[in-house]
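Chain lettering (A, B, C, D and E) follows the sequence in which the chains are written, and residue indices restart at 1 in each chain.
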């Protein structure tokens, strides 16, 4: 039995349709991540699952219970907000214990569970501080602690790391991964950072304008994107797309209009080059250098080379594609194989 | 003659010293980037150059003129703010023309210069809009346009891209690089994003707590960091640092306490491994996978492997360092060679 | 019963006396009385409001001008007042005072005390300048001509604050002096244009000889006391403080606040005449106890009877200089209260009988005035109409506008006539 | 898969929320409509009724009874007297009757034809009464011993009076007189003019002074907080206290302001600030400015402090001088709050009553519409006319509000 | 305008104007403090001001030169040829004090004004900087004066007696030797005029008004700010609209209704009516604040298993304490200062509020120091509150109202 099921779920704000019919099954213990560009409806979908937004049409099942009409307090889910949404007037201990207290548990039991959560999340040292006296990462941990204590059916995360600075984000990402390993709970996670999505998810749901563009494991999405949107959305720097007509010597499936190839699957060299161009700009990043090559009508292509390349802007280069790694797309943008 | 010279510049806010004696010469036409962690004094230093903050001690020379006591309006510099600081009630045209109008130029001349700037920055299409009707990137361009019209001695940028989303940031980064190529003007640029710093700068100034930690080209900083701080600050994921005592079979210079090695300079393999460990977590990113290896007392080390690795958490692995690429640091954190 | 008693005598010392009387009454009858001070200028509105709310006090101490209008509006229980007068004996009252409150079949209220308005002047200065006492318009104007020398000496301090009763009183006095009245035997009548213009021009002349500002009794007294005014119109209540008996309003003509010098230098005129009315007229005011329609009638009647009998001495002693007894005595001793009054001390901080302070003929002049004092509409039996006109303050307002130069005299008369006609 | 039209109706969660919302609002709505909406309706009703303050009390029959003659022994003669009158001089009372009990021991000798006596129960029917009617009924009686023993007087048994009169407030008499009266003559136009003068100059003045003060305090220095607090005094103090302080300060006769002006040789004779046309109007307007500049100041300051300082720094870099910055940056940025303030203050100044009432009582050419309401309703006791003025005010108000919402919704997104 | 931009023009012009401002200020201040005759001499002010302005702007003297200049200004004033004219009968101490104060203040402030200004041709920035400093100085003096003078007069009048005031309306010097006698007016107000009761009434009514207002406004504001329901926008607007209905328009029918129901002239009636006049304000202020609270914290509460009402009670309310404090203070102030309704509805002195009590002091034969003492009694608590809780109060004012 899936832990959570969405059936043809829609959301309308007045006349505007924001979620355009989403069907999804999430298994017990799965880590599912919603990604997509800003405004595609990730948060809205998550909030509908939480019960914070009304579901305009369709059904949301938790286990096999229809929860569509239930208020949030009855759904038994826990949510971690982007802004942490801690209760600023309560100590960390009270924040973490609050859901239990609302549920009317006896103090002894609350204390036990709160201490347990504090141990798991290493919060012990600052249980009596107020949220404002905590750093961003600590606050995030408190917010997670507050969700853990209730043993919820599923955890919902809405961009939990986007308010942290880069270094801390890496660290917290690691901790969330660990937490999922430890709890083995169902987690639904919204982000627009594809690194987070790729590294954390069991399954990624790519949303595009309120519709699901593709669902799959990170590797599936990276290696076999179902359409142009996913192909370009996943991977950094993004996949190069060029018109098939401008590529020499590739055997392409029927109907292929565009060819996609990732920067790391191109090598430089004159012999058997699929495309020629001139180096436009070099972006030295230490380990690698990304070379932007201006290929005239084929557009600007990015190539990944070693950090210590000797190329200079203006050099003429040929680009050789790793032919097993090219992707073909038809005129509707769908992958052809 | 350098375009801009800082001589033992200090800044005190009351009792607190924020800039602790900075000496720097910036050549005509150079693109210099200040990087450093948050709060290290990058913005303060830039604002002192601009004249928006008083210089507590030391001198600022523009060309060979002592400008320490001059108000901003007399220094002939232009600045682009993080928040763009556009005049919200003026059209794009008026925004760009404002510095000229303040200077009392005749309207015809203003129009000419504004049109020229608009052309360079491709602003023509929305000269009559208000800033609020522009996208982030367009606003950024208007802010730059406002600086260009005055033919300033130098451009100052304070984190100009940090309010943009990732995709747009890449694009604007490209445009700023192009602009520098076109104008060949002196530019001083503040950022805390090392990718920006690496890809744009002629020279990077790394600041640490109001002091210069190292000045050099991106490659110098990446390949020959002068100290632990720079070594860890530049490069992503950051350089692995491990106690020299836990590394086998490396010949190290005298006084070396810590050894640094970047993730891309480690290969996996049992034979001749410098360190052993167990795979803790895999971070799949498509092109690469970063493997976090738990090496016990040597700490957790990150290794970059190909995207399609077959490793699993729990696998025991040996780490072989590229011995030409290790860095040694003494007990004070300074590089030893 | 607990009675509520509204009084316009609201100075703390006077209130204290009234409370004392209330306490005596309580001891005698068992009814307690709550004494509530009401500012005289608010009295009309507040009574009407309280009437509408069914919240009238039991007894109101009020001036003449309200007696008949209130009786008509149903605020006063005239039958109760009539009964009180009958119980006390109509014959024991001064007939003039009773007559002014007479209505068909009885009396609107019970008369309590009265006084005559006086023209107070600096006899010493008049003598110095060889002036006649200010008994007529002409004499006043002549004195103004000679003595007006601001800011050391203002010729007059005329009332100009239009929402103060004081201005109504002074104006009525001046109008009466020239024989002008807005009411005739048939009710409202047109003002005589020529005579009214004389009044207006006269009033404007004395207003111009006054300091600027909205003036009323306060400034009149203060300026006179500081020796900066040659003439004022005031009530006899001034007599005690004029003699330095009251600290909160001392003569400041010299450094001694208890000085009697000013009193000695002061002359008094009650009967005042204008060019169109050589006989002149005095202006008197009578105060009444009104029993209201919402009263606990029996207790209220008892209270009023007590105040007019055993408590009458105390009632008069509040300020004997301005409260001449209108009930002269009882059936047994027809001059009991008049005699009592003559012995009462005036003053607040220091006390002395009036006779010690002023010459007997001056006192006689003051007291005697009450019997001949007039009001608009009394002779014609149209006092009620006249009171309404006064209460509406239209005359004050238009005269003030005339003084301010908004209209000429003839236009003002026309305006006055139409405004007076507009008072239903 | 999905319909292209939004679903109709509200979902269960939304319904729950709406129900809760109305529940929370209900007490407020009730209270406010009781005290605001209802009175407003009442104002409209009263404005077309010929009603004065005294009419609020419906006419009634006032009855007093007593025993005339002082019987001392059984067999003496006396009269029971009933005096009745209509409490109103102009309103009729219909069907006046009363019943009473004659005390034991009194033998009624003769009964008025309009009355009947059954046993000791007396009942009289006096028919319909005109306004101002009075009636005295006398019944000659002989006194019996029982009366002397009981000492029960006739007035000790309360007589029951009936009689119906219509209340002006609720009957169907309507009149346009109130409005005629209000619009009649020059007075209304003068009042309107005074109101507009007061409102426009009071508002603009307060805004300008507020702007000046805000500019002064829009920098941080020691004592800035104290000054800010100080500048708010005029607004936070009770109106009655400051109004009287002004009256005393500007008293023509013993006020310090005049003394000062005379001493400085500005004027040789005391000026009657609050009693002279047109000075009084100017003075009350100045008072209004004085009292309300703090408010504009506060709002403008808040707005100024929310303006991004980056913008001024950018202007510094661009070489704009302080005055250029003020005109080119501050003024346009403040235009929004200034116009909102202007509209709101305009409306509230228009509505202002206390200030003028306390300062001049509406005299010397300072009578505004609101003061006129009071004058008509209370000073002249003509409630109907007061209500008519109130209706006029309300009309103006609606006009302003329409304008306000049209404008403000753009400015502030209300 | 550009002609002005020379140091030797700007300096004297600003100096002359500034001298007029300062000499007027000193004259007014000294007159109020001593009651003696001080007055500015405008022409001489312009003259001396211009001369000193010129010397300072051209840097003609060193420090000692300036001290000499200041000293000669003092002497000029004492000789009667300076910008300030002192009456014959002024005490010599006051005379010297005024002269020194004016001279020192002028030299010092003129320095500040002309500090960064070059002697010759000025840039626009330098010129404007000097003008702005002048205007700033003028502004501080002007506003401080207009705010303080009425309060100064109020307090000192309450300490004097009638005849002193009439003899010299400018003389506010108080004779400390009179000791407690100074406070005679206050004493009389409390002992003879019932001000103790008024104070209690006012306080009780204000506190009750605050409580009742909050009771109604908090749920209402929450609903308007947070909950979605049909008619929310309309409701939101009608709050403002109601807030714009003039009190006098409502007072009339309320007066009638209260008269007919017997609520007039009762404290109950006042307590019924005050909160309703403040609820719209409070509602408006609170909903603004509630809107500004992060919705996510409340949603977290919902997710943690609370019902809406519990969320309001346990999360929203504790978080809005500062706003509630502001609203309470503001409402308290409105109720405390309210005059019109108290004036129309209350008749019996035992039921008066302070403002009503003061009104009753106005029109009787009561000396005006009593009136001012009453005013002081009403003003002091609100000022104390205000100064103590300025932060909340200012927030309350800005959040809530443009109303007066």
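Here is the rule we go by: contacts are C-beta pairs under 8 Å (C-beta built on N, C-alpha and C of every residue); 3 or more make two chains touch, one makes a residue touch a chain.
Predicted, not measured: the structure shown is a model, and the values here were computed from it.
Between subunit B and subunit D, the least number of touch steps comes to 1. The chains that touch subunit D as well as subunit E are A, C.
Think of each touching pair as a link: the shortest run of links from subunit C to subunit E has 1 of them.
Ranked by separation of Cα centres from subunit D, the top chain is B. Here the chain at the heart of the shown protein, by mean C-alpha position, is E. By number of C-beta pairs in contact, A-E leads over the other of A-E and A-D. If you average the Cα atoms of subunit B and of subunit E, the two centres end up 51 Å apart. Centroids built from CA atoms put subunit D at 64 Å from subunit A. Separation between the centroids of subunit C and subunit D, computed from CA atoms only, is 32 Å. Per-chain Cα centroids separate subunit A from subunit B by 27 Å.
Annotation for subunit D: residues touching 2 or more other chains are 14, 56, 251, 254, 321, 324, 378.
Listed for subunit B are residues 71, 73, each touching two or more other chains. Residue positions 49, 52-54, 222 of subunit C are each in touch with at least two other chains. Chain pairs that touch one another, listed by label: A-B, A-D, A-E, B-D, C-D, C-E, D-E. Residues 308, 310-311, 313-321, 324, 328-329, 332-333, 335 of subunit D touch subunit B in their complex. For subunit A in complex with subunit B, the residues that touch the partner chain are 38, 165, 170, 174, 177-178, 195, 198-199, 218-219, 222, 234-237, 262-264, 281, 283-288, 292, 304, 307-308. Subunit B meets subunit D in the complex at residues 50-52, 71-73, 77-79, 81-83, 85-90, 98-99, 102-103, 146, 150.
Taken in their complex, subunit C has these residues touching subunit E: 10-12, 36-39, 41-42, 46, 49-50, 52-55, 218, 222, 226, 248-250, 252, 257. Within the complex formed with subunit D, the subunit E residues making contact are 27-28, 31-32, 37-40, 87, 124-125, 128-129, 132, 136, 139-140, 143-144, 146-151, 153-154, 157, 165-166, 168-170, 172, 215-217, 219-220, 222-224, 227-230, 232, 235-237, 240-242, 244-250, 252-257, 259-260, 273, 275-277, 279-280, 283, 308-309, 333, 336-337, 339-340, 344, 354-355, 358-359, 362, 368, 371-372, 374-376, 378-379, 382-383, 386-387, 390, 393-394, 397-398, 401-404.
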